[in-house]
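What follows is a set of structures to go through.
In the two complexes that follow, chain A is the common piece, with chain B as its partner first and chain C second.
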Partner chain A sequence: MDPLILSFALVNGLLIGGIYGGVALGLSLIFGVMRVVNFAHGSLLMLALYAAFWLQALAGIDPYASVVVTVPLLFAVGFLIQSVVIAPLIRRESALVVEPLSALLLTAGVYLVIDNLALMAFGPDVRSASTSLALAPLMLGPIPVNMQRLIAFSAAILAAVLLSLWLRSTRLGRAIRATAQNRDAAVLSGIDVPMIYAVTFGIGAALLGLFGSLLATFIPITPQVGLSFGIRSFIVVVLGGIGSIPGSIVGGLVIGVFEALASQFVPATSAAILSLGLFILILLVRPSGLMGRA
Partner chain B sequence: MTTARPDRLRSPTVPRPDEIRAPSLPAAPGRRPRDAGTGFGTLGLIALMTLAAMALPLVVTDSYLLHSCIVVLFFAYMATAWNFVCGYVGQLSIGHAMFAGIGGYATVLLFTGLGLSPWLGMPVGGLLAALLSVVVGYPTFRLRGPYFALTTIAFAEMIRIWVENTDTVLGIPLNGAAGLTVPLRGESLAALQFNGKAPYYWVIVGLLAGALTATWWLEHSKLGFYLKAIRGDRDAAESLGISPARYQLVALAISAFMTGIGGGFYAQFFRYVNAERLIGVDLSIDMALMSIIGGQGTVFGPLLGAVLLAPLAEITRGHLGGSLLGLHIVVYGIILMLAVLYLPKGLIAPLRSLLARLGLLGRGGRR
Partner chain C sequence: MTTSFSRRVALRGALALSAAAFATTAQVQAQSQTEISVGWVLPLSGGSAAIGQQARTGVQIAVDQINAAGGIKALNGAKLKLVFADSQSKPDIGVSETERLIQRENVAVMSGAFNSAVTFPATEVAERYKTPWIVMGAVKDEITERNFKYVFRINNKATYDAREQLDAIDLLKKETGQGPKTLAMFYEGSDWGRSHAANVRKLAKERGYTLVLDEAAPPNQVDFSAQLLKIRAAKPDALIAAFYTPDHLLLSRQMLEQQLNLPYGVHSVGGGTEDPSFYKAISPKAVAYYFVQEDRQVDALQGERLPEFADVEAKFKAQLGYDMSAYGAQGFAVMYVIKDALERARSAERQVLRDAVAATDITAGPALYAGYQRIKFDEQGQNTFAHGAISQNLNGQRRTVWPAESRSPDTKPAWPVPAFGARS
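Here is the complex of A and B:
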């Protein structure tokens, strides 16, 4: 195999992998704090992609500029989903931890509603947004690097770093971590737990708002696009360690590079099947995930 | 950030339950902790319902109506198969359709490739599904947390996408997104092909009766008691020497076997399989949703859920399908959310207390 082609695949795999990791960040954060697997994760990304598309189609706003709208918009959507749909379930549960399976089913209902409302509202057509910025590929030696992917990749790394710092150093971040560790003790310390949950869900969704805007320029936008990203995110977080922020990025990079390299030898769809094998292998050898604490 | 705590591997010093049982104790038939009478009441009810259902084609001759009945019973069968594992072990599968897919594809391919009768192809497909279920269940049942649920959906979707994009694999034609058709052989019992609807109807009634009986058996078997113990308190069950991973895996394999046979029936009845409908997430969610709405962890709950929901889907699709694509699934999603929030035990619980109040149900009618 030509080393140039392989290194090109490697660079592409790293970029795509970082993006997978960035998309999975919110899923990991929400699970880490609330023990809720958000099945509607991909659907929220789909909403953000459509928001970016319509902002350009109707108001002429460049997808990269639409971040100022999509991020607050998705924060609000996430905040609402948590406080209207999931909060009643958490209130019902007297135990420390929500029964995760009920929450998973509940968010599966959210997924069904959002995806099919989008299908009804936007139709099954494939859409795409384009940016007016001139983004010539960056040459890394002989290897061309797609700028749109590089921007999204950098945003993913930056978002993970900033999120970790924010959780570590701010008052609200500490309150979120305290709630994650022990809900009842957090209540006793005067933390408004329902509010923390809603804010956490909002932040998880707002991250998808960011990636919706950044991915809109090179991802075909359909009402079904969310599920495939959601599934990829599930694999990424389990691989990296559920609830771990750096694990999310590492898991994404591993899957991205593995698929890019494997697809040099087998068709791309078979490479995806091989990544399932990798997934099972890691579950068997290191069930807490690559970056999870055992 | 917190991380999920994986279940530490079972200590090898913990004896297996069959080692605990003193060898001098014979497996006496009367050792069942519950009164057997109630259980056989349930079994009698299954037999009675089966007989009554079998007689239906003698009265109903309208082909469309019979077709709809078959679809409803197919969903009831699939939901019952899903319930066999998910209703009893407290784990959620959102990818059960992959077992249906492997069963359906195997049945068709064995028939077209080797000329194997679907009567044999269906159980072979079921066994392949059980094999796949072990691949999914073995690594994940050892762990606590949502690993099993996430792995089932990940596997099902990846397999669906793979099948949709693969025309041949190792010389076996999968035919990609177009799917496979079952070649017509005319009226043939051996090829499980009939001109009328009634024979298909009898087959699915038979399958459903089998699945209900299997669920009844589970509730009264040692396996069922182990599963209840694991669901109630995993640590306590483990300390008594019950291996959660092992017994959950057994239940999953049986459930996958039944689901695989259901996929084979689907292939024979529609004479067509494709990845989107047979492996897609919609079928997986249908199976889960019907069990949950009806009442998971009960013998008749999934049947009740299917009888209520499958016609609803048929009606909304028929009346609104053309104009409002996806509306019936939105309705489904809302029903699912309301059920999880306000009716976690399913509709069978209030129905039971109503029947009990009317004096139609005996003291032991809890199940």
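Here is the complex of A and C:
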């Protein structure tokens, strides 16, 4: 195998892996704080992609500029889903954490509703948005590196760093971490837990708003696009360590690089099997994930 | 439980009795029925949903026309009633929906299902229940190679598609004295793509081409960087691709982004590249010089539109917002083949209808709208007069380059195709 091709495969894998990690950040945060596996994660990304697409198609707003709309919009959607759909379930639960199974079923219902509403509202046609920014590809030897992907990759790393800092140093961030550690103790300390949950869900969704705008420039948009990302995000989060922000990025990079390199030797169909094999192997050796606290 | 069971047994006995008693009048009853149900299994959601909607629109337009013109005349003007089912582009759903349409909705004839992976098992169900099935869109060879009695296909099978692609390459090679020596194949990994790849593999070997890459990908991918890199490393002269719309869009966009040049171009076997919604979503730059194996000669229909279809195409465009597609035309044509068979059968009974479909020999009329000169099935149910055309995307338009006699005088194929850097 040509070393140039392999090194380029490595670059590709890092780029797409970082993007997987960035998309998975919200899922990890929500699970870490609320113990709710958000099955509708991919659907929210799909909504963000459509929001970016329609903003360009109807108002002529460049997908990169649409971040100022999609991030607050998705924050609102996430906030609402938590406070209207999931909060009643949590209120009913007297145990320390929500029964993960019932919350999973609930968010699975949300996923089905959102995906099918999108199919009804937007139709089955595949759409695409494009940026008007003239982005000359970065040349790596004779092979170009796509700038849109590089931007999304950088945003993923930046988002993870900022989110970690924010959780560590601000009052609200500390309240979120306190709630994650012990819900009842947080209540006793005067933290408004339902509000914290809604804000956490909102932030998780807002991150998808960001990536919706960034990915819209290079991903074909269909009502089903969320599923591919949703399942991958779940694998990335479990691999990296559930609830760990850096773990999400590391998990994404591992999956991305592994798939990109494996794809050079076997067909994509088998590469998917290999990466799921790797997933099982890591869970057997390190059940808490790569960066998770045991 | 017990009561309902015994009631069911009693009911069944009563039905058997009445069936025996009225056996002689059954024929009369069938003739005087006012509605004939036609079942359609189509991918109305999932990866092929756009195509399913196009087919459904074509079908609906045809049925509205037939019913408005007085229905099935041989059956006292009986109207056609459509029963659509959504396969979600998934084989298991397609099979259970087929069972439902045949058993519960009691349809006289079935059609669909575009995706080969759905059509292949679903037609098996139809064969089991002795219900005729007119295949729409699916090209997997084996669908009409199983000695089935109830399965018919109007359109090409995969072998024809592969042969036409290589015929076009051979033709251009003969005309210009230059052409590819090595080919790469990149295709979706379900029934359609694999069936096509197997045919290309065989034909390419027979005709002396070297296959330097043979790669399948699972559907609904989000990134093809790794595969494009493989194509780049294999350095093929031309690429043969088979993908449905979303994946084809991703592939074409990424090839443009990566400036991946192939001296003798990309030869797509349709799927995504025949879907009008694909062209709405992609930059013309990304599909310039593409060769597409078309089920229906697109430019011929643009040049001299038949007046009786102007209305059909206007309605189609009004409903979906883009011009008639090959799949809309195929759905339309299937309904006229069914109408023709019903008129000759003078019955909506499945077995009688099956014999009428088998005896189909149409040489004129709206049933040929999908672009063939004749529809006549061989003993396996395959229309041997099916054929497609190969177009090349020149200045944003798909112009037929093969067969040579269908090429218009102002169409000059670009061969070899210009590199990305050299395009204006």
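Operating definition for what follows: the second predicted complex is superposed on the first by the 290 of 294 C-alpha atoms of A that agree within 3 Å, B and C clash if a C-alpha of one lies under 4 Å from a C-alpha of the other, contacts with A are read in each partner's own complex, and residues count from 1 in each chain.
The criterion applied here is as follows: a contact is a pair of C-beta atoms (placed from the backbone, for glycine too) under 8 Å apart; a residue touches a chain by one contact, two chains touch by 3 or more.
No experiment lies behind these values; they were computed from the predicted model shown.
J.: Determine, for the superposed arrangement built on chain A, whether chain B and chain C clash or fit.
T.: clash
J.: In the superposed arrangement, which partner chain does A:Asn12 touch: chain B (first), chain C (second), both, or neither?
T.: So A:Asn12 only meets chain C here.
J.: According to the contact criterion defined above, which of chain B and chain C contacts more residues of chain A?
T.: Comparing chain B with chain C, the partner touching more chain A residues is B.
J.: Would you check which partner chain A:Ala272 touches, where first means chain B only, second means chain C only, and both and neither mean what they say?
T.: both
J.: Once the structures are superposed on A, label A:Asn38 by its partner contacts, choosing first (chain B), second (chain C), both or neither.
T.: In the superposition, A:Asn38 touches no partner, neither chain B nor chain C.
J.: Touching A:Ile231 in the superposition: chain B (first), chain C (second), both, neither?
T.: first
J.: Would you sort A:Leu89 into first (chain B), second (chain C), both or neither based on which partner it touches?
T.: first
J.: Considering only the touch criterion stated at the top, classify A:Pro124 as touching first (chain B), second (chain C), both, or neither.
T.: A:Pro124 sits against chain B and chain C alike.
J.: Go through the superposed model and pick first if A:Gln264 touches only chain B, second if only chain C, both, or neither.
T.: A:Gln264 sits against chain C, while chain B stays out of touch.
J.: So in the superposed three-chain picture, is A:Gln181 touching just chain B, just chain C, both, or none of them (first/second/both/neither)?
T.: In the superposition, A:Gln181 contacts chain B only.
J.: Considering only the touch criterion stated at the top, classify A:Pro287 as touching first (chain B), second (chain C), both, or neither.
T.: In the superposition, A:Pro287 touches chain B alone.
J.: Looking at chain C, which part out of 132-140, 186-194 or 240-248 clashes with chain B after superposition?
T.: Only one listed stretch clashes with chain B, namely 186-194.
J.: Taking the contacts chain A makes with chain B in one complex and with chain C in the other, which residues are shared?
T.: 116, 119, 124, 227-228, 267, 269, 272
J.: What part of chain B is in contact with chain A in the complex they form?
T.: Going by the criterion above, the answer is residues 1-7, 90-92, 94, 135, 139-140, 142-143, 145-147, 149-151, 153-155, 157-159, 161-162, 165-166, 281, 285, 288, 292, 324-327, 329-330, 332-337, 340-341, 344.
J.: What residues on chain C touch chain A, complex-wise?
T.: Interface residues on the chain C side: 44-47, 49-50, 52-53, 189, 215-218, 220-223, 225-227, 229-230, 232-233, 245-246, 249-250, 253-254, 257-259, 277-278, 280-283.
J.: Given the complex with chain B, which residues does chain A contribute to the contact?
T.: Of all residues in chain A, those touching chain B are 28-29, 31-32, 37, 39, 85, 88-89, 92, 100-102, 104-106, 108-113, 115-117, 119-120, 124, 167, 177, 180-181, 227-228, 231, 234-235, 238, 241-245, 247, 267, 269-270, 272-273, 275-276, 279-280, 283-284, 287-289, 292-294.
J.: Considering only the defined contacts, which chain A positions touch chain C in the complex?
T.: Touching chain C from chain A are residues 1-2, 5, 8-9, 12-13, 15-16, 116, 119, 123-128, 130, 137, 143-144, 146, 148, 218-220, 222-225, 227-229, 232, 259-260, 263-264, 267-269, 271-272.
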